Amino acid sequence: MTSGNNRGHDVIMAGIGGRGVLVAGLVLAQAALTRFDHVVWLPSMTTAMRGGPCEAAVSFSSEPIASPLVWRPQAVVVMESSQLQGLEDRVQPGGVIIVEEAGLGRKVKRDDVRVMMVPAIATAVEIGDSQAANMVLLGVYIGLTRVLPPELVESQIAGKFGGNDRVLSLNRAAFSRGLKLASS
Amino acid sequence: MTSGNNRGHDVIMAGIGGRGVLVAGLVLAQAALTRFDHVVWLPSMTTAMRGGPCEAAVSFSSEPIASPLVWRPQAVVVMESSQLQGLEDRVQPGGVIIVEEAGLGRKVKRDDVRVMMVPAIATAVEIGDSQAANMVLLGVYIGLTRVLPPELVESQIAGKFGGNDRVLSLNRAAFSRGLKLASS
Amino acid sequence: MEEKLFVQGNEAVGWGAVAAECEAFFGYPITPQNEITEWFAREFPARGKVFVQSQSETGSINMVHGASACGVRTMTSTSGPGWGLMQEGMSNLANSELPCVIVLVQRGGPGAGTTRHAQMDYMTTTHGGGAGGYKNIVLAPASVQETYDLVQTAFHLADKYRNPVIVLSDAILGQMAEPLERRLLEFDPLPHKDWAVTGRGRHSDGKRRSISIGQGFMPNPTYPTYLSFMEGLDVKFRRMKEAEIRYETYLTEDADLILVAYGSIARVSQGAVNMARAAGLKVGLVRLITLWPFPYEAIRGLAGDAVRFLVVEDSLGQMVEDVNSAVAERSPVHFLGMLARHEPREMGMIFPDRVLEEIKRVTS
Amino acid sequence: MEEKLFVQGNEAVGWGAVAAECEAFFGYPITPQNEITEWFAREFPARGKVFVQSQSETGSINMVHGASACGVRTMTSTSGPGWGLMQEGMSNLANSELPCVIVLVQRGGPGAGTTRHAQMDYMTTTHGGGAGGYKNIVLAPASVQETYDLVQTAFHLADKYRNPVIVLSDAILGQMAEPLERRLLEFDPLPHKDWAVTGRGRHSDGKRRSISIGQGFMPNPTYPTYLSFMEGLDVKFRRMKEAEIRYETYLTEDADLILVAYGSIARVSQGAVNMARAAGLKVGLVRLITLWPFPYEAIRGLAGDAVRFLVVEDSLGQMVEDVNSAVAERSPVHFLGMLARHEPREMGMIFPDRVLEEIKRVTS
Amino acid sequence: MAQGEITIDERFCKGCGYCVRFCPHDCIVQPGDKFSPQGYLLPVLESAERCNACGICAWMCPDHAIEVYKYVDSEAPLPA
Amino acid sequence: MAQGEITIDERFCKGCGYCVRFCPHDCIVQPGDKFSPQGYLLPVLESAERCNACGICAWMCPDHAIEVYKYVDSEAPLPA
Amino acid sequence: MEKERVAGIPDMWMRTENLPIPSCPGCQEPVATRLILEVLEELGLEDRAIMVVGVGCSCILPLSINIDYIMCAHGRPPDGATGMKRVFKDEALVFTLQGDGDCIAIGAGPLVNAAIRGEKFTIIMLNNATYGTTGGQMAPTTIMGQRTTTTPQGRSPVEGYPVHVPEMLTSFEGVAYTARGAVNTPANYQRTRRYVRTAFQKQLDGAGLSFVEILAACPPDWHMTPLESLDWIENKLIPEYPLGEFKTGPAGAARPGPAPEAVPETVTIAGEAR
Amino acid sequence: MEKERVAGIPDMWMRTENLPIPSCPGCQEPVATRLILEVLEELGLEDRAIMVVGVGCSCILPLSINIDYIMCAHGRPPDGATGMKRVFKDEALVFTLQGDGDCIAIGAGPLVNAAIRGEKFTIIMLNNATYGTTGGQMAPTTIMGQRTTTTPQGRSPVEGYPVHVPEMLTSFEGVAYTARGAVNTPANYQRTRRYVRTAFQKQLDGAGLSFVEILAACPPDWHMTPLESLDWIENKLIPEYPLGEFKTGPAGAARPGPAPEAVPETVTIAGEAR
């Protein structure tokens, strides 16, 4: 609502460059596109640093989306714990904060939102590649918010990584581990 | 006066590029500088043509000169007869038109100005170099108008061409031939 | 052409160029427009069209110059520093009366600045640029779809006036993805480019053609003198001013505060207007589509004692100068610029909530 | 320094640079500024100073960039097309906060245009240029003497603000010769250039220095973030606007028609004012010396029901936009531009007599 | 015997002297007292009888002021 | 017997493996299960006894993450 | 006696209003241009040829030449020609005519990169060892000791050394042909004409970039008479700039077509970049 | 046991807030930079050295290097360095650090003209066969068949051929030294270090422009792991770009000082010109 979007959902996924945060957002956006007429995916990253802060804002709605810039999302997904800082206060009351637990030296302070701390990197390493942490978190997000049916996301994953079997099964596995973590 | 110059003299010397019209104007301006506090020399030429139309406007005055652009000069000196066209009408009544006679297919129409047609190229060739036609005309102009004492101009000629004996004596000779033509 | 895509604004540029039957693209990498160059590298050769990665933006604009002289539709794209390098070329294209499209994806300046969003190239595209006081239409899309549409429009206008046209995007618009419907726009028919330099043998009249950056000093039949050329340009620029102003109003009828914005910030502003309306405030928006020609009359028409203006622009204040000039003291004009970004690093942004705050401040 | 010379405006640039203790000149030939480059080629090496003929104007401005970073006073000069080629460099200098002086001798545009006089670079120098919305002071002399004086002033202001300064001459002013008195102007003292890049060993604090076109994205102690840099620039540009406006009024007190002009055309206009006064007309002149910052307040202050303005400018109309904006409909604003030249070839000029004609037309 | 002849258009000639230098048969001279309307020293075909219409003076003339004609009953083959 | 030793700063290492490849004495390995805080595969000095403090791993490390120490009672001359 | 016109003003030369050529007495740029026209005629290319000029004294010549042409920015003819040749491909013969300053001072970037890309057009550079148009400043080709308005004491090592473009270009695989000629004697004229013909032929064969430099007199800026200028070419310029062909072999023929080495994932959405 | 630090982070490297170097895993630009720092230290030039960078991945490195530097426009380091070296003369050692795109695509004009003028500074070009910063587009150095984001099918002759800069520069009299090195093995590292030392020494001797190209891995844009990248350098890049010195002789020594040939009249007021 605060973005001027009347009927829809806004989420910010944040992390550091090169770790798949933009791709996770894009998979989400493309999945949303099968259900909503209006979808915006807005990536953002820094100039100077390889591996600097980076985020994707995804909005979807059944009505036209005015602002692609989202100040108060319903959810934030934080893949690099240092990024929590700037985002914590921005989530709408009643919203969701999902955050990578590795390196997170503190608790989330907000008590008016649902919070989930996720060992996404560890889970991804377990599956075989730390790079899949993004899909673990995407799974948690979908599992927790149910903004979209998981199958829609899964089929986007299939579409996106279909060309490479290893990568595909890795990402699939990561996503379903995320879903499971959400329901646990 | 029409240039907004209150007390002074404006002359336009016109010709084609590479034939010394700008230098003639400059010699005049530098000579004027020994007598007047305010002197402007304004050259102008075309972009595209070697040997295209070219002119120098010279103004001198005891008071500050507002416009360097002179619409109605007291005198015009035309070294290339085709240039007469645009300038003839601009001379102030009572002014002077001095024009190279070679190639001039017609009479000057103005009857409210003094007109002198000068065989400057022929005279210069006679002296030894057609390039000195500019000084012939400068001589005629000074002789006719007496806006400056001829000695002042002569000493500028000496200063300017002092480095090269042949050129110096050529220019000197041309100038005094001009003076003579004026008084004839 | 019913296909619906989900693409970035930068990719929509490519699709728009295909729709406009652009034949040749010349570009040099620079963030945040890389997706444009890469799109053309991928898609143009496959369609038998020309893609050349130039050695620099100066190279791009001069290759565009050559291709445009051939009579085909051609374009380039760039950002910040690259735009600076095209200024001599822009001036030459204007002199040569060569149509082409330049997509400028704005980033933060000056200098290398940042590769992130900003709207700091309003003045250089609308008032300045290279030497010699030429003018060019500047189209500012505010969505991926509109980027696609305005690229088509830009090619039409370029050919119509034989003049470069700028599509002014920005890093937000270029990078964000939205659904895109690939519809072909319809335009009035344009005359055959009889002026094109194609080799003497192809001209119906058997006479050779020439295109020169020296119009005005090198005489040609259309412009035998410099002044005739100036008169020609003057008439052309006036025609553009009269015919090509484009803007959109949103809820301005009853508004006592009218926002003025363009590009991605117009979207942000629209979000803020929606929030303000929800809060019962009578706020509207003028969204500029052409930055040049600027809708002076339209804005002046909206001005008056009962109305205020708030210009929102992700810069230190550029378009606000033209709004001021249009309003001519008939209404107060407020400004919200980049210093209102939410945080000091380059990722700082002007959010709708901040605009709303300013709306409240101004109206209270 | 009592020596009195008779020199062209272009040569006065050189003498002004010597007076200002400029140490390095970089330039590329272009008419009508060639006498400047040639003056430095002749005079600078003989004085142990640096002259380099660059390979292009882009080269010139970037060599100036390097030399300025050393902490010495440095400059270049150019015209029309060369100015276009300097736009990326101008934007980079503004980002790097490097002082330097650029003398732009205007010629007719756009493109190669003509090598002759015109005043068509008002907008590009004051509003536009390269990307990123930087600002720079633009000084417009109207005589050979003032060219010399303003070159000195330009160096002072460049150092004072750590920003490029433009001296905007034109072909008439650059080519015409007038007497020149070589007087040294006095300025407030300036701080030592502690920021200069000279090699680590020369800094009193032993700390290395750097100068970067990436201020804003590459953090430094002064500007740790992009926004802090923008704030810094904003403050600096505001300071310039407040402190550096320069203009001259001539017979405006009782005038019911006020001409506004700059550069050589201000001289022409003054001639016309003299003629008009002689004819009993109450006409005055505002001559702009700084084109940016523009004297909005001063002009607005002169405006009112009893007054009209006539902007005279050898262009299709550029400065007139700012005059319009300043006057804000308080007075009618008329315009006399290059289409009023006396003849259609490039040597056509706006003569004082033509301006007088217009004065009469407007006042009758 | 003359195999050809040349014409020099005085409107275009700028008196550079290239034709004089390069005529392989020394046919052309610049007398020194003949000026074009613009004041350039004009060359003239002095020894027409030696001209074999080789064309060299025409190619080397920077002002395209020279036209070369061959007498058709002449059999000499032309270079280039 | 070890003539030197190295330290690898885990904050800086990005797991490229250059040190592993270039150690002339095969002292360094990347075990495959040790990650840096940023998720990079860390190398470790496995065969410290073979290290002669030649410094190669340090120069070749793109992230300046390696420090090399020579034991002072060792006499072996160091290259470069 | 019947007579037949055998030489004179080239067929493709159009005199504007019977005006003289707007260049200085003794200028050899029109001579070099004439030779190009002869080759175009010989190869029957008048209808397909497109000339691209930059800014310099040579840029006014095409006004009088009856083929299609464009004038583009100073130094940028290789860019303009790239745009044209890429559009027209085999359908046009595209060549530039550039001054030495245009070509290798301000135009060095476009030139070198056209060579890198192996563009399939022809560059003709007129070397008059100076900037003629702007009144005789130093060019990169100005020879040591030569006085110009920006080297009033003569070019010294402070200003560097004369550049040898055809020699330099030999190192580029995309360059098919380079040569240097002169028009200071009838023999050199004919030789240079052959170079230009070969260069055009290379273009017609699609072999790569072809380049011919032509030494040309600029008497006023050399501060000499026209005839002295010709001697100066023989005695000073040619020793610095030897005439001849420097590269004649085919370019790129040895290269296989694309043999992809590294296969990027197709990423349609950009990550971080500058 | 006592221990002595014998290698590690260079003395002149300043780590900002203990952050890692902001380049990708396996990027060899910091390795090449390290080698330069070693030479500066060895020659005792830390206090007089000034580094000039353009725009590219290498331009962020000087943030962490404890010598004076400037960052100037993309491709313009030779211009910036000209400005600086002409001002400081012997008092400073000026060198550029440029990417290949910076140096020979957009920067070809400044490079060639610095060579023509015989500028007395040093250019170090990092050849990673791509535009690293902007995400892996084709560079002039991209090898045949190499896939980049702008040659998705691999570079083919349509995009021309890889450029060999040190070889090309040998034809300039103002160039004193050119070499090409790599840092893909410890031996190449040491060899390249010698090249850089020689290049700096040439500058100290005032011999002319000195130039060193260094091959450097860019794993992400090559779509390889870091170790695969090193192999690719050995197997693909070095065969295209042979290592070694290409010009070592003194430049210009053979040239006499100015010996004016033509004496212009000193004209202070301009005539017609363009």
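The first chain written gets the first letter, and so on, giving A, B, C, D, E, F, G and H; residue counts start at 1 in each chain.
Definition applied: contacts are C-beta pairs under 8 Å (C-beta built on N, C-alpha and C of every residue); 3 or more make two chains touch, one makes a residue touch a chain.
Given the structure is predicted, the values throughout are model-derived calculations rather than measurements.
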{"item": "Set of chains adjacent to subunit D and to subunit E", "value": "B, G"}
{"item": "Most remote chain, CA-based centroid, reference being subunit B", "value": "F"}
{"item": "Taking each chain's C-alpha mean as its centre, the one farthest from subunit C", "value": "E"}
{"item": "Whole-Å gap between the CA centroids of subunit F and subunit G", "value": "57"}
{"item": "Inter-chain centre distance, subunit E versus subunit F - centres from mean C-alpha coordinates, in Å", "value": "85"}
{"item": "Subunit B and subunit H: spacing of chain centres that average the CA atoms, whole Å", "value": "59"}
{"item": "Subunit F: positions in contact with at least two other chains", "value": "38"}
{"item": "Shared interface positions of subunit C, touching two or more other chains", "value": "31, 34, 55-56, 58, 81, 88-89, 92, 96, 112, 114-116, 175, 177, 212-214, 217-218, 343, 345-346"}
{"item": "Per-residue overlap in subunit H, given as positions that touch at least 2 other chains", "value": "20, 23-24, 27, 55, 57, 60, 71, 73, 105-106, 108-110, 112-113, 116-117, 133-135, 140, 149, 152, 159, 265, 269-271, 273-274"}
{"item": "Interfacial residue positions of subunit D with respect to subunit H in the complex", "value": "7-8, 11, 23-24, 26, 31-32, 34-35, 50, 52, 54-56, 58-59, 62-70, 72, 74, 88-89, 92, 96, 115, 175, 177, 197-202, 208-214, 218"}
{"item": "In the complex with subunit G, residue positions of subunit D that touch it", "value": "28-31, 34, 37-38, 41-42, 45, 53, 55-57, 81, 112"}
{"item": "Contact set on subunit A toward subunit C in their complex", "value": "1-6, 26, 29-30, 33, 37-47, 53, 55, 66-72, 86"}
{"item": "Interface residues, subunit H side, partner subunit D - complex", "value": "46-50, 52, 55, 59-60, 62-63, 66-73, 76, 79-84, 86-88, 91-92, 109-110, 112-113, 116-117, 268-270, 273-274"}
{"item": "Touching residues on subunit A, where the partner in the complex is subunit F", "value": "16, 19, 51, 102-103, 121, 125, 130-131, 133"}
